[in-house]
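Presented sequentially are two complexes of chain A, the first with chain B as partner and the second with chain C.
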Partner chain A sequence: MGNWQAKWRRIWALTRKESRQVLRDPSSVAIGIVFPLMMILLFGYGISLDVTRVTVAVVDNDASSDSAALVGAFRLSPNFVVRTTRSMSEATGLMLDRQVDGILQIPSDFDRRRHADGADVQIIVNGSDANQARIMQAYAAGPVAAWSAADPSVASSGAVMVVDRLWFNEADDSHYFLVPGLIVLVMTIIGAFLTAMVVAREWERGTLEALFVTPMRPGEFLVSKFIPYFALGMIGFALCFLAGKFLFHVPLRGSMLLLCLASIVYLVVALGIGLLVSTLVKSQFLASQLAMLLTFLPAMMLSGFIYDLRSMPVVIRGITYALPARYAVTLLQTLYLAGDVDGVIWLNTGVLALMAALLILATRLATRKRLA
Partner chain B sequence: MTPASTPALQLDRVRKSFRRETGESVLALDDISFSLRRGGLAAVVGPDGAGKTTLIRLLAGLVRTDGGIVDVLGIDAAVDPQAIQSRISYMPQQFGLYEDLTVRENLDLYADMHGITVDERRRQYARLMSMTGLDPFQRRLAGQLSGGMKQKLGLACTLVRSPELLLLDEPTVGVDPLSRRELWEIIRQLIKEGLTVLLSSSDPDEAETCDSVLVLSGGKKLMLASPAEISRLALGRTFVATPPDGMRLRDLEARLLADPRVIDAVPESGQVRLVTREGCVVAGRPAPERFEDGFVVLLHRAGGDSEAGPRTLTQQEPPIRDSAGETVIEVHDLVRRFGKFVAVNGASFVVKRGEIFGLLGPNGAGKTTTFRMLCGLLPASAGTLKIAGVDVRRARASARQHLGYVAQKFSLYGQLTVGENLAFFARAYGLDANQTRARIAWALQQFQLEPYLRLPSAQLPGGFKQRLAMAAALMHRPEILFLDEPTSGADPFARRAFWQRITTLANGGVTVIVTTHFMAEAEYCDRALILDDGKVLAQGTPAQLRALAPVQPGRTATMEDAFIAIVEGSRSDSARKSAPSAAA
Partner chain C sequence: MRASLIRILALIRKEFLAVLKDPRSRFIIFLPPLLQCLIFGYAASFDLNTVPYAVLDQDHSAASVALLARLDGSGVFERRANLTRAQDIALSIDSGRALLVIQIDQDFERNLLSGRATPLEVIADGRNSNTAGTALGYLGSVVQGFNSDWIDEHGGTPPVVRVVNRAWYNPNLDSRWTMIPSLIGTLTMMGTMMLTALSVAREREQGTFDQLLVTPFRPSEIMAGKAIPNIAIGLGQATTILLVAQVWFRIPFAGSFAVLYAGLCLFLMAAVGLGLFVSSIAKTMQQAMLYAFLLAMPFVLLSGFTTPFSSMPDVLQTAMVINPLRYALDITKRVYLEGAGFDNLLSDFIPLFAIGLLTLSGAAWLFRKRLT
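Let's look at the complex of A and B:
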């Protein structure tokens, strides 16, 4: 069929043109390669959600052997660095200067009351970072429990020893769940953001007007936009995957094949959003703003990447069901951390595939060789 | 496929309206019917907003009509636009070249789009390259070509295959006279090969050489006829007047334009050419009518020349400083280098108070660079540069106090209203509240902007945007006004109205420096300078420059003849000089 041959030749020519533009345009390379690398380094080394080496100012008003033992328990904990102070005002000063993250205050009657009806210690935590504060609060319970367990006089009166075990993330390493999220984020940027920009650019520069008056069909144009950015998205995926494996040693429990499949389906969704946005708004500025609002920010905040979906208000949680990133993050986290859990995987992949099909259909219908 | 006897175009009662962002509906094309036979060159001409671009887009199947039938090459555009798009070629006004692809890659893309075979391609490329002179630049990125070369590449891209119909939307806007002439040679060559070409233009001189002309105004068809027929509309109504000794050409023109019996007056080769109302004799001796004269009569009859509107000359301001003849700009051996590239190479000139001084030159000659250095926007690499006695290279900020600058592109705040823009610029120049009020009142009156006071400036009609830009640049009563290609793409009426305002300003003591691609406009200048390749090739009064042109058979030489002769002479000289070293 000569017709098909001509069609494929046009698609090939447009794809080659697009690829050349990507390679020659520093901003495409920046978004496609440099951005994933930066995110990997930033999330990998800069932002870690694990709280380690928290500095605590200790105000020991009791100065008994008991209180010294408690302070010792804090010293021994890998989570804390202890700084001894002489008065509460000194400790408060350190906290205000942000030299310490918390204060452990032992009251002067600590030793006496402990042997009577039970004693209190006060732990003050810098609450300006709520997330870190809550983690510290939980950590502080550790040394206290360890100390009371070690003391026979308390143990005999029936203290309970709590044994924590973290499932799925035994190493309690936030990289385990950050890497899958990162893959979603990087593919969102390349798929939706970059694609939305490049199609809008063609409208703005008037390159489409000349191209329209050729035998080119709208579908061919869309395919030619799809291919190079799909490749770029897969490069971003590979970078994140390799960084996860070799830099952060994140294990992959599920199968590599399923991981690739899931990523591809999500990338198609992201590309679909990007193409649809740029078909509807024809200015680069608007397209980038819309892509940012519709894809990047939700992928960052409402996907379960950083913030737990279950702790969100019901309304917000409801909204997340409309966001492709939510399904992608669930899917990738499951594949990475839990393995091939069939139900979760097929449900989420199915939803994403449906979204991809609808987006591509909508884009195809909205793309017309017409100016007004 | 289609018999050659079917017309190339056939339009029947075509209507098209658009909705502006403000919600009002604009009728771009109103009940247009015409048919055009195959073969030959047809032009669509008309003032800004006549509907030329809409018509061409309609024919290209890019816009749908609201009513009526558009038939292109026997195909109904409403039924199968793709069939039309597969058989015609179309060059939009802003041809969308991919600037990060090379000349060759751009051509290849279009060749692939049209499914041109390798053999055919070899033949076509050779022909296109020799036609456009782009051969040596095949590997250059399209973004690094000059304006004229980009336009030629755009044309080459639309011509990679032989279409049955070629649509060109204002192909020569912003292109210098040399490149314009080359583009026209290409178009004529194509006509000879039997192609049908329809182009739009706002320049009546271009329409004169076409086989048939469709005159549009405000969306309505005024006439479709041969240029000669349209010229005849001005039969017996065209004259040329020579200014008496001691009177400037532009003053004579202004005086004639103020006469209600005169419908048009333009300076030309040291004389003023005028068109009068039927049966009126005002001044000068009769001259043969031309297309432009007939065009003006036609539009005047239709009441279309709104830009030329109120003819009364706007009131003059009291002179800024009554010291005509004093030197305000002094440039000596000015040089600007960008790395190894010398953009301006030893330019020297002097401009006196109240003069209109023109900077002429092909695309990429160094006009804009010179301009930017004069305005203190770009530091000079060497040479001296004094404005109103202030050394610009030492004290840029204080030099800027003396000047106003109107950029080529509209560079005001689109979302601010006319009044807000003026108030902003007044404050930015340091005017106090009273001065601001007085200057805004002056500007609204002088530029007839009063009715638009509360309109966001992005929604102003084309000509009024430029008025506003000029008003904003004049808020601080600068002694010197710089205008960068102010008339590029404007229709003849807007251009005339613009020069009237400039004349008024210069008579009030403002020194005006202006760049232009329309050589005829140099006639408005007191003196002008021709620049190419960074070097000053000639400078002097329009008469002195015209004297440099070779003798033209049967007519007096125009400024354009002089310009082309000067630039080509200099280029062949430098080619001869560099030839031995290139051979070595």
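Let's look at the complex of A and C:
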């Protein structure tokens, strides 16, 4: 009995020391509170994947009333800012200076050919930003179609037109899929980044060796490291969740309970990675760089948060199966946008729980070895 | 003057030794850029290689079969299921088995033959609205091809205007061509900023910085001794990525290396300056790491690296005049893909030079402040 009491007292004392260290260090608080808030504001109001407006230089070689009407259609389109130029060389210069994103060139025989076999208009886009260029090509179809539709001489012909509907995300609003990804990103940073340095710091400063001569057991040491950062991670989660709900009005289709459960499991995984790296390398510099490489960048780029997993080659997709962020993003996106789809949820939670268990076991073993 | 130079050289030598003598540390400086460049070159793409789709064909006519054959023959669309009931649509999307579900109504062919516009209902998985948009774009171009063949075979009026799309600098609009040159700036900034911040913080934590301050070194000499090795390491990292881009990904280099490296030197001056600035407010390595991260994060997110710069709010676009990465992305992409020269890039070179000058002299001043 007394044994257990002493154990808890030791854990309590260490946890208190660690919590004070966290609270008194402005940088930990900055990562726990300022970082989530900053990310929420940046993702909510700062950046958007949607290309809103592109500037196009118009080279009208025809200068007929028809070509003017087509240019007018571009002017009316909310997606285009039109800049008139006199010659193709002027437009090319503007493009190289990045004053315009693309060029609309109307050939000199536009009016004549339009009434004969159909005229060509050329849209040149700046491909150094491939994504924006492709969106611009898609936008350009709008004014051209609007102009054709306004022309009474064109008879309607049988053609298939695509009527699309986006499920889960009918507003086609980037926020909807960014919020679940954001929760994962914030918890990755708090969980893995912050903890990656804490054990290494104790090694570098020699305070860990000092602890070894006390009755403290390695398990107790890990628990005391775990608790304060877990609490900090849950604060980050709560901030993101509340922002998603009240600022961005992203609906939660699944259950709140499952969302919390999934987040807790992922946070344990992140903490496990941070503590394991820290225990293994024992150098703050190496640990910080490794944590960055192993957690932050994959969570950002290889999780399906910004770049879609389906577009990756097989080898890379294979790598993503080893990364916990992938499961967490799938899980949270499904919970948020699709609801409680049992198969997806239990599979991903199961994998994460397994990873959490393995990481904790590995950290525990690594800590014991150093003690011996 | 000569004595000063010798002192700086000695510091530079010491700094290189401190970072490069440990094999693990050498490894962690050059491996991550290489690895990330390879992974992100394959993974970070908005292009889709496969679009899994399901179809609910209620028409079973020659026209619907022809349309589906066109999709299957496109090399991108992969038919995962032939649905028989409308209720199955939800299941296909929920489980993530299909990205698109195409629904062909009973009177599809009849409508087409009678020359009416025929709707093709498409339901897209909006969990990642960007992916859904790209997939719908691909579908649109397949349908366009189908329409023009249909008109050729069955008569009808061809469209009066054809849009001819062309992309300059990146003819196939390959996202990788956009991504890899951008990585040159992004990865080296993250790397050098942290390295610089940590190198000063490590000396602070170990107490050697105070020793440095009692030597004959002037604050500006300490600053130069810290800045130059890190700029050199940054150039090494940039060269690694550049080599991967050319040798592995074979992205043609359109510009001049002199312009590129001149831009990179200015950019790295600014990045190292920011790192030194961070290190002057950080007391420990953990603080240096976390503050550097907190500063680098918004710089990366708001630079136009993953999302279009022009769709950010005006206030933020203006605030980003202090973001060195924004100019670096402009320089690397434009020199690499567009072949831009010095005269096109003055608007990037001047601000970078100003940021570098300001932060580096600020850092020297802060070192002096600690002297008194």
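Operating definition for what follows: the second predicted complex is superposed on the first by the 349 of 372 C-alpha atoms of A that agree within 3 Å, B and C clash if a C-alpha of one lies under 4 Å from a C-alpha of the other, contacts with A are read in each partner's own complex, and residues count from 1 in each chain.
As a working rule, contacts are C-beta pairs under 8 Å (C-beta built on N, C-alpha and C of every residue); 3 or more make two chains touch, one makes a residue touch a chain.
What you are looking at is a predicted structure, and each value in this text was computed from that prediction instead of being measured.
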**Prompt:** Given the touch rule stated above, what does A:D25 touch, chain B (first), chain C (second), both, or neither?
**Reply:** both
**Report entry** Touched partner set for A:A6, first chain B, second chain C, both or neither
**Finding:** first
**Request:** Based on the superposed arrangement, let me know which partner A:M312 touches: chain B (first), chain C (second), both, or neither?
**Result:** second
Counting residues of chain A touched by each of chain B and chain C, the higher count belongs to C
Inset, instruction - In the overlay, answer first, second, both or neither for which of chain B and chain C A:L14 touches. - result: first
Classify the contacts of A:M301 with the two partner chains as first (chain B alone), second (chain C alone), both, or neither. second
Look at A:L257 in the shared chain and tell me whether it touches chain B only, chain C only, both, or neither; answer first, second, both or neither.
neither
Chain B and chain C footprints on chain A meet at residues 25
Chain A partner, complex, touching residues on chain B are 18, 57, 60-64, 81-82, 85-86, 88-92, 94-101, 105, 108-110, 112-115, 154, 157-158, 167
Note: in the complex, chain A contacts chain C through residues 25-28, 30-31, 34-35, 38-39, 42-43, 45-54, 70, 95-98, 114, 117-135, 137-138, 140-141, 144, 147-148, 151, 153-170, 172-174, 176-177, 189, 193-194, 197-198, 201, 204, 281, 283-286, 288-290, 292-293, 297, 301-302, 304, 306-308, 310-313, 315-316, 319-320, 330, 333-334, 337-338, 341, 343-344
Within the complex, chain B is touched by chain A residues 6, 9-10, 12-14, 17, 20-21, 24-25, 202, 205-217, 369-372
The chain C residues in contact with chain A across the complex are 24-25, 28-29, 32, 35-36, 39-40, 42-52, 67, 90, 93-96, 99, 111-134, 136-137, 139-140, 143, 146-147, 150-151, 154, 156-171, 173-175, 177-178, 181, 190, 194, 198, 202, 205, 282, 284-287, 289-291, 293-294, 297-298, 301-302, 306-308, 310-313, 316, 330, 333-334, 337-338, 340, 344
